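Two complexes are shown next, each including chain A; its partner changes from chain B in the first to chain C in the second.
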Partner chain A sequence: MSQTPFIDIKNLSVGYTSRSGKTIPVLRDVNLSIARGDSIGLVGESGSGKSTLALAAMGYFKRGLHVISGQVQFDGIDMLNISRNDLQHLRGGRLALIPQNSGQSLTPNLRIGQQITEALRLHSDLPANDFDAGVIDLLSQVRLPDPVGLTDRYPHELSGGQQQRVAIAMALASNPEALLLDEPTTGLDVTTQAHIMELLRDLAKERNLAMLYVSHDLGAIARVCNKVMVMYAGETVLTGSTKQVLLSPRHPYAHGLLASIPRLHEASLPQALDGRPPMPSETIIGCAFADRCKLADKTCHSSPPPLDRLDTGEAVRCFHHDQISQLNQKSQKSARSMPVAVDKDTALSLVNLAVSYTQPGLLAKLFASQDTPPSTVDRITIDIKKGETLGLVGESGSGKSTILKTIAGMVPRQSGNIILNQTEPLDTMVEKRPSAYLRQVQIIFQNPDDSLNPRHTIEQILAQPLRLYYGLSGAPLRDRSIAILEQVRLGAHYLERLPSQLSGGEKQRVAIARAFAADPEIILCDEVTSALDVSVQAAVLDLLDVLKRQDGTTYIFVSHDLAVVKAISDRVAVLYQGRICEIGPVAAVYSAPFHPYTDALLGAVLEPDPDVAPRLTADDAVELSPPKTGCPFQRRCPRKLGSICETDIPTMQEIAPGHVIHCHIPRADL
Partner chain B sequence: MTVSSNSHQQENGRFMTVMKDILARPSGRIGLTLVLFHILLALLSPSIAPYDFKLQNSSLMLSPPSGDHWLGADHLGRDILSRTLMGGREALLVTGIATPLAVMWGGFIGILFGLVGGRVDEVLMRIVDAFLSLPWILKMLVLIVTFGTGIGVLIPTLTFFYGIPVIRVARAATHDIIARDFVWAAKARGHSRISIIWRELLPNVLDTLMVEGAMRWSWMLLAFSSLSFLGFGVSPPTPDWGLMISDARGFMSFAPWGVIAPVIGLSSLIIGINLSADALAKALGIDRAQKAPM
Partner chain C sequence: MLFMLIRRVFLGGVTVCIVSLIIFAGVEMLPGDACTQFLGEYQADEELLAQCRKDLDLNRPPIDRFAEWTQGAITGDLGLAADGKTKISTIVGDRLKNSLLLAFCAMSVGIPLALLLGVISGLWRDRLPDIIASTLAIFAMTIPEFVSATLLILVLSVWLGWLPGIVLTSAAAPASEFFPEILLPVIVLSFVMCAHIMRMVRSSVIDVMASDYVQMATLKGVPYWQMVFRHALPNALLPAINVVALTIAWLLGGVVVIEVVFNYPGLGRLMIDSISDRNLPVVQSIALIVASVYVCVNLAADLLTMIANPKLRTMYMRK
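And then the complex of A and B:
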């Protein structure tokens, strides 16, 4: 398949000049060639240089970056010494980019039709009166429903998945020969992501594209790429076919990266990859990965390993690539703490909880109008036992974060009750709650960049709960802060630092430390790992599990990632449009019988295994509000029975003790 | 006590790093040097000025620069060097008091509007917009004509009008910060509103206000000089750059030195302030001027 390279990057080094005048490389001597029909996945942690490399293929460098040495060729054209005009003609023409956040890459004040017409005018040979037909053709190629109606819509009227499809359509307008994709599905729901992956896969095949796919998501890469290149600290550490790299990685870093991904079919926590990659400014003497590597010896620390070409077609930058099998034995995963006993007390009860964001106005109240939209969250009844971890999963808009915010008193309830420790009502907003209750419920947010005040030192951040709830000050405050920091595996020397001086994983540890400082009964975790790299995610999950075992804390763990929820939870509730579809022990929910929605979600998960194809049942349409009557999933359900689904609230069917499915389909058929 | 002294040290440490960052930039070095030079000059000029600024010598009227009078003399035969050296004193005094006052009241009201939010904020901001839509010179002249000139009127007038744009900036910064998760986190923990404003909000808004203050200072200097130019600022014979430019502009074609000297004085101070403000914004990391990716 791979004859002559179409995109050919040779010995490319790219760097920036630091303030002291030193040249600091971010890409070091990278080689990459892509032939027509080839699809290469570029993998690595944030900061590994993968996006820089992908943009370099277009001859584009972010401000401040310059080429130190090497060359970039596109179909024989030297991209580094080409006139600006020619470059502009190539970009978006023969070479198209699909960026990460397509919502931002579409112009908000132009209709979809106009935007795609623009792309056609600039980069296609189509005569002007065929543009309309061309637009509709492109929109149907990316499998958007009702392409004619869509041309008149504005980007904000489309869902994230639809916007991404429009971005793909625009990229295809020029009939490109090569496609660069920079994390194109990050931030999209699982079902949407799976559909877009299938689309890209088919497009690449139909059009014989040369594709470069940058992602930290190995599941997505497994689906569309036939080759994978793993980058670490600006260097290539491993290349090979997707099967070779994902199933039997020959580099310790790739091995660690794969082990840190939570898998659907495993009941244990993923293996954390300790340490952090070197900063570009650090001088690396030996192997860049040596400090984090379990196989490293003296040679690794003193001399840089060469990129060895193996007979199998792989290329590995490691002295010990023949000893990788040892890692498998060393990394026997520790089983997670077992589910709590059922006879324990209830920590938190949600009784028929409902939340509505639309407050009925005075007029609507007076006339008792029937047009009030259905509640965002409704009929949530869950008892959470002490020490239990309850996972809440669902796509965006499923109401999972709203439920957390309601428990925390940041969003008012519409009806129903929240009861702490069986007796203490948490019905008021946070301002009116007694401080004894406040201490018992703590929340950890998704993005530590946003949840830690950038102007506070770690000491000041930890002091806030300690002073507020325990009135600590002076030496006891400092001692307690250090003790808590050590619990989250950070040392006393972190106290004086500011959040900006910490890595993403360290920041999230501080956020966790702040929550635990209150010594709470319940911790609400709102997508706490989704802003982190996979290797860091594994470490954070492990930390949360250890702390919970120590303190017997109860977690409510919200995530869109089904594998993460499976790894950490004892019980799982699957939510759709603010209603529970299925709830039960992890093992029961993740195996048949399924609610049709659970089935659709699980089927759409992309596993980092090229041999496993997703099962796409439900389509990826996005609904903005729940249906007024009947089952919340009625409009997308592939197994809809008929009008009963539209009129009646699904019956609760107890499949096994504690495992409940809300569905009209008879139990035997589920 | 240890904690408060600690946080004090932290603030000190931050001041030093910001200072270092400013001085590491050419704009910061040049800007701060110019500003410091002018402040020193304002303090010392009475003792270093070679002649009495109001001494008139009819034999020297409009005489060009010479060995005795380095920058020549004006239409009343007064030494231009002495008058230029002292010409910034009044301006620096008035704006030096009015700027911090303007930032303080504008910042306070802006943060308040930002916190109150909703419809009240909407309505009040439209009033602010209405004020901003009037030409500044017009509103100022109305007050000055009504209450008369002199420092006692100029400082409150400048403070009032230059605080209004600060409201906008402080309100926008407040809106940015209160939507962030760390404010939510403090709220969920149960901190009081005062504590949230004081600890979470203010430290983050102050950076923006500092840069805004530096920018406002240079605008205010320009406004003060313009008022003097029009005859509504300082009263003669007090030396002032704006007034000097106004006096000398009639003779510009044959005695340009009378205009050039105060122009250099005024513009070097304003450029100095602008460069410092620019470096400060970059050092604090709130510089929004980014090169377009084209």
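And then the complex of A and C:
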């Protein structure tokens, strides 16, 4: 399908001017051409310049950025020297963008209908009377339920998946010829993401669109793109067909990136890609990746490699692209420290735990209203053994984080018990718990930017638990802090730094160090790798695993990413609407027989492999509260039996020792 | 929605009640009372004082007097001033009218000007219009009002002779008679209030212009000014509502310095005069009025924010 380029970017360099007056490039001499019907995936770590490149295709540069050299053409039109008027006509017209975070990209004060009408008014030849019908047509094209009702809604009244679909509908309003997608599914649930990817795939095929898909998610790229371009430090390092790049990457960076992704069918930790990309302000003499590359030699550090075109159609910026096979041998994945001699003793028991966020208001109390909504979390009974890692998975709203916060004493529980070390019941709220119990249960949060005090140095951050629980001060405090920092593979020179001077991965290491400083029995991990790049994620997972092996710590690991949970956990509980659907050893939960919800979740995972298609069994409807009676999954279940699912709580079926499925479907049929 | 409204009005009422109690208690606790002040110059003996206190009904327990005072205040009868003759509602009423007049004039100049300048300097951030407006704003905020007022009197009134430099109209005169004397105080006040609101609007416009939805609107091909008026300003001006409300309350509460400099007969000057005269009933009344104004204006601002902000609006309407 590759004819004349439709979007054509030639030798583009983009940069900003630093305070010292120097021009600092964020894109360096990048070429990209997309033909009609082509769909190109743009991959790289954060800061690699991929979003800048995508927006450059629209002739748009963020404040402060300017073109240093190069050309951007769209269907022969020079996008860098074009009148404002013509540019407005093209943007959102023939060339439409689907933004990264639709929740923030939809104007909060305008109704959905108004925003799509605006796109129609600007870019279609529809007569004004037909706008309403046009809006409803677009909303149904992206398969949104109740399109008529939706037009009157404001963006904040929609779920993330719905907002994303509205953004897609808005982009389609002008009947565009090219679509730019800037991480369009980041932050969405797996099932929602899979559904949206299928929608985009169909649209692209139907309309013969040229697509540029920016993402760090190789699974999504594998699903919609036929070509991939990998960027590193503002440069193209590898281009090729999706199969070539994802299955046999010819660049060490792409190789490392792929190895760092946890896979569903592998029971080991992914291979971490050490180091971090250079900052735009650093001067790079040789290959930008040389410092992190296992194949690097003298030449790599002294002269920049050219982008070589290979006979196979790929283009690689590497001196040693013929030696990639050596990397495969070097990177023998360390099989994970399987059962770390799991103790027989129970570290923590959750007994019939229930949590409700809706406090009955004064009026409801007065009138003794019977209409109280069902609890957010209910009937959670789990025993966690010492040294075990329990994974909690589920989509947003599944109550997994709520359970963690309840254990930590940050959310009051409605009923049930939390028992530490078999005998010590924990108070509902953290303020009432004795210091000894507090020390034993530590938590690591999702986003280190929010959980580390930006005005405290790393030393102050680590000193807090050490002072509080061990009364250390002076030299012993400092020595202990350094020891802990070294454990998380950061050195003593980090003590004086502030969190803002650290990279995302380093910050999360500090958060881990703070948790381990208390020498706890149990660590609660709340989506600890979700805010990190995949390569960094692998390193953090590896670190958690090593520390656990040293100290025999028990983890409760919450994540929406099924592959991550599989890689790190011994046992997994699948949650839906705050109720357990299935619980058991990792290997058992991730293989048949399944709970219908587990099946739906696993089927929706997008693997970074163009040959593997997702199986979509359940729709991605969003439920705001669990059903009052019966099975929590009844409304979305593809295998619903009938009224019994609506009335009766599903029976616990023990499939194998320790593997329990809560479902009415008889065991043989699961 | 209605429930929320009732709750807010009720809470506002409670606030005013608590404030009135504090004012009353505060005044009670001061040494001396209306009689020591009234009779002070005659070197009053105990007998005269006692007689006076009996006449003015000061011997009853404070709770009774507080109840009577609040009852009167609700019906608009604020009682008698310390001299025992003048009705407070007449004195305060005239002054309140004058303060309202001044506030209204300053607002109608200052608020639109502030919004306009704020939007302009936000949109042309770090460019000439912004640099001029922001520099002026910093001057307006840092130069004390009495300095800028005096300077303006010197230039506009003494040197150029364009405007009268001082207000000579009596407090009870109708509003129309305050022109053109009121113009100078209005100019100074608008200058000061304008600066605060402008800075706030500017930073809010800058935030919104850097938001994802403005970028999205641009990349959707929305022409610049349409984008500004439809997508950016409605969101950028929301936070301004509360700043504007605070400024209005400040204006209505009496702008003492300006009133003194220009000899303007407003609430602020009455307050100062009454304090130095120990005319405590008047002080109480003014404090109560100012507190009520604050409560009302803030209530209005919150309601307006709620109506203008779709997030809050839908929270209360669609349930």
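Rule of thumb we're sticking to: the second predicted complex is superposed on the first by the 658 of 670 C-alpha atoms of A that agree within 3 Å, B and C clash if a C-alpha of one lies under 4 Å from a C-alpha of the other, contacts with A are read in each partner's own complex, and residues count from 1 in each chain.
Methods note: a residue touches a chain if its C-beta (ideal position, glycine included) is under 8 Å from a C-beta of that chain, and two chains touch if they have at least 3 such contacts.
Since the structure is predicted, the reported quantities are computational estimates derived from the model, not experimental observations.
With the two structures aligned on chain A, chain B clashes with chain C. Once the two complexes are overlaid on the shared chain, A:H156 sits against chain C while remaining clear of chain B. Touch criterion met: A:R455 reaches chain B, while chain C stays clear of it. Of the two partner chains placed by superposition, A:V230 touches none, neither chain B nor chain C. In the superposed model, A:A518 makes contact with chain B only, not with chain C. In the superposed model, A:R63 makes contact with both chain B and chain C. In the superposed model, A:A463 makes contact with chain B only, not with chain C. Once chain A of one complex is fitted onto chain A of the other, the partner contacts of A:V14 are absent, as it touches neither chain B nor chain C. By the touch criterion defined above, A:L426 reaches neither chain B nor chain C.
Where the contact sets of chain A with chain B and with chain C meet, they give residues 63.
Those residues of chain B whose C-beta lies close enough to touch chain A in the complex are 1-3, 6-7, 10, 24, 180-182, 184-191, 199-200, 203-204, 291, 293. Against chain C, in their complex, chain A makes its touches with residues 55, 58, 60, 62-63, 84, 87-93, 96-97, 99-101, 104-110, 118-119, 122-123, 154, 156-157, 167, 170, 174.
Residues of chain C touching chain A in their complex: 210-213, 215-224, 230-231, 234-235, 309-311, 314, 318.
Partner chain B is touched in their complex by these residues of chain A: 19, 63, 408-410, 430-431, 433, 435, 438-439, 442-443, 445-447, 450-457, 459-460, 463-465, 468, 473-475, 477-478, 496, 514, 518.
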